[in-house]
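Labels run A, B, C and D following the written order; every chain starts at residue 1.
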């Protein structure tokens, strides 16, 4: 069925983008956090 | 800084002022007082921060750290208010190259409301009237452009003159003319800060000299 | 010194520079004309061209707008004049209004030429009853374009990459002008059976756009060029 | 013990290896993250599994459950950007600026997803990838506008300069959107009848619930990511500031090293 490809593809695309972007945000945060002493982090 | 005590309101007041170009602290904590009618010479090697100091005083750069006040305005909050009272002649002349000398002086004069007579007078003072006045700035020599820019400054009647290498490109007559203009302006109540490599020339003109080293000001 | 008077001085200065340098007449106008010719190569000259002529006129105007805006701020930056303007304490609203006015004058001349090109090259007829609509459309659309162009031109000026930043910011913002002005000109020229009365709602839209960006631009220009 | 200059103490911290330091997460964000993942799993289960096929759209209706929430997220993000831009201009606090920037970045990412998935959905239900209706066209132009916004954020200058520039631009975008939307709407309605209504679906309870799960899941995702991203941006700014401290210290040392200095240099 042709529709299934579109539907699964769209779900894969959406969640792929979500996972990829989330991973990037968290990793960037991690990398930066290692360079900043904890006392400067206002959220702690 | 003995003179600082006599006059309560210096024209330029820098306290450990820092100014940043990109991420480079071109001015790294400068402390300086300039009194009214002084002709102050800034000397120092290239890259020491003389130009940045002048641009900071003109209100063109934000004060990153420390305190800076010009003509009584705190530059942290009133950069724009300061500017009309300050004349800056930087490396660039700030001229429109496709306009004539006269058009340039008239334009800059008019933006601050100078009268026609004042503009004519300014052009005569810097000897850029007459035939020169009708020429396109693009066709002028470096010295003539410099004189045109100075005429614009005179026409604008600034209280604080900030000059970056004003002698560059001028011939002997032009230099004499410039020095005379500056002395006259100081006598008339203006304050002048000159950054120059030409110590003999500018030293004779200046009433005081300070050294700019690695973004800081050093009194002799 | 009133803002209006300084704006007038700035506009006169800009036009005088253009007049003296001849870049507008010798480069920008020919560029716009060549664009019109190129369109004819890309589209079928016999069938499509007459239908899409109004759109092409405005497209060519948009491209020329980008060139003119770059030019308008290049003359300011050539010898540090923009800094000098800032030091002179010239009111940013006056700079904005003055430069936008000069730009608008240039654009109107350009549009007249492009319309002439459409008549000559694309075989457009200009019905007499469409002329008022044409004139009003041209002026209101031009005001909007000049305001947006000056605003983003001033923002991009002085940064590396300004040549690409300017179209990136300007083109989405002026999309309503392209749509509105094209439809209005179609109505004025009677393209594809449009009637003149169809065009006036678009003039309304163009007016709203020009006012919104004229006021917004005047307020935003200072913080954008000066912070 | 003399107190060290903050810059100096931080600089030594940085040299002392890379100790395991606290990241951008806190207990609250971890809970938020788990809730997001759980609700995303629910969304997949309901969207692809439990919810029924539509009468008209058949299976294609399943795209609704991810498409609508991504649009929602993108528009929510842009609204937050606009509001934070206004708040920055009012309060002049860099926190608002970073919130605006982080939100715009999220908005652009999810707007891109929206446009692609929307095109796929359009192909399924309308037979074409793109329709020139006001909603689609405005969305596309909005996308480009915020790409421009992000470009301006990266122009450089001090934090305050960046913040003011982007805040003004963020507000100008608000001026732009209704004009674009209205002009496209007027254009399409004059030239042809109403275009397709994307939501001409008869929703039953389970379908509405699936959509609801989707919106909740993406709102949680937005909140979770925006917190992390804003904190990361705050750290980027701190690193810039610290770079300035170090550069300043280096330049001062340079001044002290220049010969001919009198007592003032030491």
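In this text, contacts are C-beta pairs under 8 Å (C-beta built on N, C-alpha and C of every residue); 3 or more make two chains touch, one makes a residue touch a chain.
Since this is a predicted model, take the numbers as computed values, not measurements.
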Of A-D and C-D, whichever chain pair has more C-beta contact pairs: A-D
Intercentroid distance (Cα basis), subunit D paired with subunit A, Å: 12
Intercentroid distance (Cα basis), subunit D paired with subunit C, Å: 32
Centre distance in Å when subunit A and subunit C are each reduced to the mean of their C-alpha atoms: 42
For subunit B paired with subunit C, centre-to-centre distance based on mean C-alpha positions, whole Å: 38
Multi-chain contact sites of subunit D, meaning residues that touch two or more partners: 156, 160-161
Junction residues of subunit A - those touching two or more other chains: none
Interchain pairs in contact, sorted by label: A-D, B-C, B-D, C-D
List of subunit A residues in touch with subunit D within their complex: 1, 3-4, 6-7, 9-11, 13-15, 17-18, 21-22, 25-26, 28-30, 32-38, 40-44
Footprint of subunit B on subunit D - complex, ascending: 156, 158, 160-161, 240, 243-244, 247-248, 251-252, 254-255, 258, 261-262, 264-265
Touch list for subunit B against partner subunit C, complex: 58-60, 80-81, 83-88, 90-99, 103, 107-108, 110-113, 136-137, 152, 156
Subunit D - residues contacting subunit C, complex: 141, 144-145, 147-148, 151-152, 155-157, 160-161, 164-165, 168-169, 171-172, 175-176, 179-180, 182-184, 186-187, 190
For the subunit D and subunit A complex, residues of the former touching the latter: 10, 13-14, 18-26, 40, 44, 47-48, 58-60, 62-63, 66-67, 70, 106, 109-110, 112-113, 116-117, 120-121, 123-124, 221, 225, 228-229, 231-232, 234-236, 238-239
